[in-house]
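After this come two complexes, each holding chain A, first together with chain B and then together with chain C.
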Partner chain A sequence: MATEISVKKLRFYWGIYALVLIPLALVLLFNYYPIFNGFIHIFYQWDGDAVEEFTGLENLKNVLTDIQVWKSFLVVSIFVVSNLFKMIIPITAAVVLHHVINNRANYVYRVMFVIPMVIPSMVGLLLWKYFYEPNQGILNGILRSLGVISDTDTILWLSDKMLTIPSLVFAGFPYVGAFGVLIYLAGLQNIPEEVYEAARVDGASPLRIFFSIELPLIMTQVRINLILMIIQTIQGWQNVYLYVGDSGGPDGVATVPGLLIFREAFRHGLFGYGCAIGFLIFLITLLLTFINNKFVRTEK
Partner chain B sequence: MKEKNTDNNRRKKIISALGGILALTFYIISCFVVAHNNSVAGSKNKKSPESAAKTITIAHWQLEDGFREGIDYAIKEFEKLKAEQGERVKVIQNAIPSRGYSQWYITQLISGNPADVIELTPSPEIQSRYFMPLSEHIVKPNPFNKGTPCEKIAWKDTFTDGMDGALNPIFAEYFGAGIFRHCQRVYVNLDLLKAATGSEKTPETLEEWIECCKKIEEYGQKINKPLIPIGVRGIGKTTVGMFFSRYFAQTNNHYNDTLSLFGDARIPNLEMFSAFGEGKLDIDRMLAPVEMMHEIGKYFSEGFTTTDSQQTKFLFFTGNVCFFPEGTWDAWSMVNNTPFKVKIIPMPSISPTGKYKNIYSGRIYENAFGVSGKFGITKASRHPELALEFLQFLTSWKINQKTMMEFCKWPAVVINTEYTGFLEAMKPEIGDSKSSLQCPFFFNEKSRMKALESIERIITEQPENAKVTFAKDVVKNVPILKDEFENVSSDYERQLFDMEGNRTTIACNILRSDLSDAARKNQNIRALIAIENTIARELERRRTIAAYNSMDKIKEQLEDYISNNEESVE
Partner chain C sequence: MKYKTKQKICEFWKHLFLWSVFFFTFMPLYLMLNISLKDNEQFARNPWFPEAPFHWENYVVGWQHIGDKIFNTTFVAFTTVVLSLGIAVLGAFFFARYKMPGSKFLFAVFMVLMMYPGVANMVPVFKLITSLGLYNSHWALILSGVAAGQAMAIYVLRNFIEDIPKDLFDAVEIDGGRVWHQIWHIVIPMSMPIIGTLAILKIIGSWNNFVGPLLYIRDANRQMLSVALLYMDGEYTKQWGELMAGYTIASLPLIVLFLFCMRLFVKGLTAGAVKG
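And then the complex of A and B:
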């Protein structure tokens, strides 16, 4: 609960408040000013440099009637739903890890989860890109060695428009992100042992314990991860860009809103239009976060 | 309990005090170090102002093999030459990774303490604000060309493109000079070619190339290996675009001779649209390159649309690709890092006697292509004359050849250069060849990307009638083209205001009484360039409007073509 600051206290702590002003000014300058500037440019035909012309609501009107924009939101919603399923794996991994009784083994497993974190995510993405390479890639290599396809056949994982989105969803398997596992594990470790004991006395099965105790008590962490995941997925475009380029793959099937902004602004010089798509992303993210906060309930 | 709390508080206070003392100590030490360094530097300068070396810095983003070594060589030679003239000069080279270059560049310029010679980025406003105009100097011979074939030629005319690419049309000024150039070539895995075809003979025509590719594919089937006849980095569509524009120009560049209103060497881009609208162009002939792409595209690497440069290079280096169309920038590493013999050849051209002989209209002129690496002299430079001399030195006949061709293995930017050994394959195509030609199916980036996507689809899906499929896509792109013309026309209007303002400023400058003769002459030249550019820009604006107005007629013609040819297929 916020407390009111008396003038006397303010006089006493003025130095601290002055220090807080520095990062605040930087946040205003580097975070809020670009957002504000982007918002203003929704109403302009802007080339990103000096040339701009006030066009009113033209950009917003164009964005709302552009079928490509709505297609890109459909694509990103596929990624959001798939990422929702991908969240199950780290939760499961965290629960299993939490139940490793031997302290030493528990420690070793935790370390093993953390070690992959030192590999930059970009390296992981590039490795997957090579896995998908049709001629020399590992995936086709495995299928060839298993006799599923002939030695000279290729499956175009990223270039076949039927396979592009499934391949992008599959990339990164088995999705046991160390960050997620550690967050859920921290939540699980906060559950008092007495709660488990009471459940066992009542004869609760491990599955019942998971659904009735563990999952409700780590919902705070799940909700945070869910919000972060939704924001990152809706705003993200780097993975798609890296895998299939700024055209969004064959026929642009994998074009997500972020990639569309990049393309319209930096490729076609339509920065005002890009800002308008950005504004739409902002509204949708805000709406989803609101829904999330309202309906995903947490136990306190 | 209370005692324990007091102890804790005391401990916290001691730790806080220690932290404060440490922070203060480091602050004092750093102040001392800065002050000391400053005084040492100052005293060095004060001690011997006459004997102190004049220092200039050159900054760029070229981290390719050999480039920095080439510049180092030029620096040593320049320092040696200046020392012989009794002047102590030191040149520092600063190579910045390309990823952060534009941020670094603008920060340096705004800071007021930038490098003296910097590789330019395209923004005309930034060039005008922070860089020295060069027009006064480019009309005089480069002093470092004495005793060379370029001795009496104006500096401007010693460049393969006559510095056309360096002109900043909005400000009627030259702010930089290019130091290297690139062209497109095909890298051939000779071992694979020999194994597949039985000979090391490389293809010269499109027809021969297709034959070679067929044999490579058959050889792959024979040895059970997915061999790639042509490795294409398709993710950015650059290679596909290059193929298409080459074939388009080779089949249609006769329009440069027949359609140019003023008898220029080439028809201006926008006039092609007007001519198209007036029904002066042969649609079937213009669509023929699509058919060629449809044919040669069968041999592109599988999944090329999402393959990037690194992946294609990897496939080439591992011996899976026979032909790799790529620019000359990576030539040296492509030849030296491969475990097999590599030959560099020009892009096989359409044969004047083959399948497309009736529509073949000539090879493409390459001499003025790809002049890049433009370096400018910053206005904030402490030694602008020296920086100018160094830039002239870098672009002099002897040094440009040495740094670019010997160290980088890149084509030099200066005329009359000698291409020997490895570099012979990079010699630009000239002779009977013609200028390239703008294709009137796309205009700016968006319509261009749409058209290239359509060509990609034609290659990957192999429809029965490639020409009609492409024509249909162009019809779909008409609204995009119209938007582009509208935007460009508005941009031109704005630029005309800027140019007019600039022209007025120059006119006012000429009236100043305190101008030297040389400066007045320079201002007069700039005034002439400004008038010429203003007129040219106004013409271009009118051409854009004419092109916009042609779009409906173009659409009608394409729709007629589609209905006539679709029926004939059915």
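And then the complex of A and C:
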């Protein structure tokens, strides 16, 4: 319970504010000041250095009429939707693991699900980049030895315009590297045994138990992961940068908003333009948060 | 009897499913270890299975490329974690224990940041780092990392500290213990499980941070692991064995850490991550 301190008593207790001073100073300097500074520079032509010229709504107008900005948001929505489907395997794995009766095996499996989490994500991404490598990569190697493509053929997984986005989506299969499996498992472990017993007495099939009991009862975890996934996907650009470089692939097909900011600001020196795209991302996130709060209530 | 057979078959399918998930999950890691001991000729002929002679010298080359980056990354990750949680505990204690005038507003100042997408701030934060003279310094990564985690850490820790029984604090207060004593003798020991979980998440996050080092660090010898690995992949006239040896070395520190505090990992990540 918190001790309430009124305004009258404040002069004896003002020292307590010191506790929150350092974290506050840090977020003011590293979060709020840049937000403010970025917002101001939407209205400037700015190269991050000497050139700083007020241009009014020029940047915003350019952003809103720039076809590649809208395309980048389309690409990122493709990633969000595909990541939605990627949640199926971790959920299934958690449910199956929860039903493994042997305690020893259960513990070993849980430990095995932690290992992919502690592998640096960069290593995981680069290993998949090697799988996609056209000449010596594993994927084309398999296809060659199966006779799907001839020995001299290569499939350009990452640099064929049609394949770039599907390849980026598929990388990382079976997607259990994040915290997903263990979080769902924690939710499943909270389901009381009585619920299962009641269901069994009523003769519910395992499938029925999954859809009528388990899935609804781990919905909190599913929602947490869903929200985290959406936030991360909208912000993410390192996998695209890693696989196809800052051009965003052939004709820039896989350019996502984050990559676009990076390219415009740090490659073309258009800092103000980058700030404007950032502001657009912020507005869209705000909209999504609003929708989430309005329609997807998480009861605590 | 019949029921038992049925159950056994059912168990079999569960194990089969999990093992097939593990198969695909660990396949890349197996190939990494496997290829790390081959030279290019062996790799081209037979990438799938281990085969003598094993080229351990690949690891020497891999170490030359990223050995010093491991020290950089370790320094940055651990400094970030210690500072970040040390500061967040103070903030969380403030919000959990006192209702000061303005507390609500201050709390909102932190919570709003949880909704702000960091990527939108990429350009102005870079500008800030350069104007503070932190460009190309590890402190750019540490300070931005510490600031980035505050909202989440304070939120989680506050919930946890609020659940500590008030009697404990009263006891310390009666014994004449000031705020520092309360934090040191009650808050930190009592919230160790959640601090452990947050620390693990923060270390993993810091270890994987890619955008920060890419933007703020220029010199190759000051670079972090993640960017160094990318450079290694890019510049190299591909010696696959050496490349994979580099990846393996880069993966080892966290795996070793994991082995040492496995219990904390498995428990913390299952329970703590959700309950908060």
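Heads up, the rule we're going with is that the second predicted complex is superposed on the first by the 276 of 300 C-alpha atoms of A that agree within 3 Å, B and C clash if a C-alpha of one lies under 4 Å from a C-alpha of the other, contacts with A are read in each partner's own complex, and residues count from 1 in each chain.
FYI, contacts are C-beta pairs under 8 Å (C-beta built on N, C-alpha and C of every residue); 3 or more make two chains touch, one makes a residue touch a chain.
None of these values were measured; they are calculated from a predicted model.
Asks: Using the overlay on chain A, decide if chain B and chain C clash or can fit next to each other.
Replies: Result for chain B and chain C: clash.
Asks: More residues of chain A are touched by which chain, chain B or chain C?
Replies: Touched residues of chain A are more numerous for C.
Asks: Which partner does A:159 reach: the first (chain B), the second (chain C), both, or neither?
Replies: A:159: touches chain B, not chain C.
Asks: Classify the contacts of A:250 with the two partner chains as first (chain B alone), second (chain C alone), both, or neither.
Replies: first
Asks: After superposition on the shared chain, which partner residues are touched by A:114: those of chain B (first), chain C (second), both, or neither?
Replies: The second partner, chain C, only.
Asks: Going by the contact rule set out at the top, does A:151 touch chain B (first), chain C (second), both, or neither?
Replies: Once the two structures are laid over each other on A, A:151 reaches chain B alone.
Asks: Look at A:44 in the shared chain and tell me whether it touches chain B only, chain C only, both, or neither; answer first, second, both or neither.
Replies: Neither partner.
Asks: When the two structures are overlaid on chain A, which partner does A:274 contact: first (chain B), second (chain C), both, or neither?
Replies: Touch status of A:274: second partner only.
Asks: Just chain B (first), just chain C (second), both, or neither: which does A:134 touch?
Replies: In the superposition, A:134 touches chain B alone.
Asks: For A:53, select first, second, both or neither according to whether it touches chain B, chain C, the two together, or no partner.
Replies: A:53 sits against chain B, while chain C stays out of touch.
Asks: Taking 55-63, 91-99, 217-225 or 253-261 from chain C, which overlaps chain B after aligning chain A?
Replies: So the stretch of chain C colliding with chain B after superposition is 217-225.
Asks: For chain A, which residues lie in the overlap of the chain B contacts and the chain C contacts?
Replies: On chain A, the residues that contact chain B in one structure and chain C in the other are 129-130, 136.
Asks: Touching residues of chain B toward chain A in the complex: what are they?
Replies: Within the complex, chain B contacts chain A at residues 123, 125, 220-221, 224-226, 228, 235-237, 301-308, 311, 314-315, 318, 320, 444-446, 449, 453, 456-457, 460, 487, 490-491, 494.
Asks: Which of the residues in chain A come into contact with chain B in the complex?
Replies: Its residues touching chain B are 45, 47, 49-51, 53, 129-130, 133-136, 151-154, 156-160, 164, 243-247, 249-252, 267-269.
Asks: Mind pulling up the chain C residues that touch chain A in the complex?
Replies: It comes out as residues 11, 14-15, 17-18, 21-22, 24-26, 28-29, 31-32, 43-44, 47, 87-88, 90-91, 93-101, 106, 109-110, 113, 115-128, 130, 143-144, 146-148, 150-151, 154, 162, 166, 179, 204, 207-208, 210-211, 215, 225-226, 229-230, 233, 238, 240, 243, 247, 250-251, 254-255, 257-258, 262, 265-266, 269-271, 273-275.
Asks: Please give the residue numbers of chain A that touch chain C in the complex, ascending.
Replies: Touching chain C from chain A are residues 1-7, 10, 13, 16-17, 19-20, 22-24, 26-27, 29-35, 37-38, 41, 48, 89, 92-93, 96-97, 99-102, 105, 107, 109-112, 114-124, 126-131, 136, 138, 141, 173-174, 176-177, 179, 182-183, 185-187, 189, 220-221, 224, 231, 234-235, 237-238, 242, 257-258, 261-262, 265-266, 271, 274-275, 278-279, 281-282, 285-286, 289.
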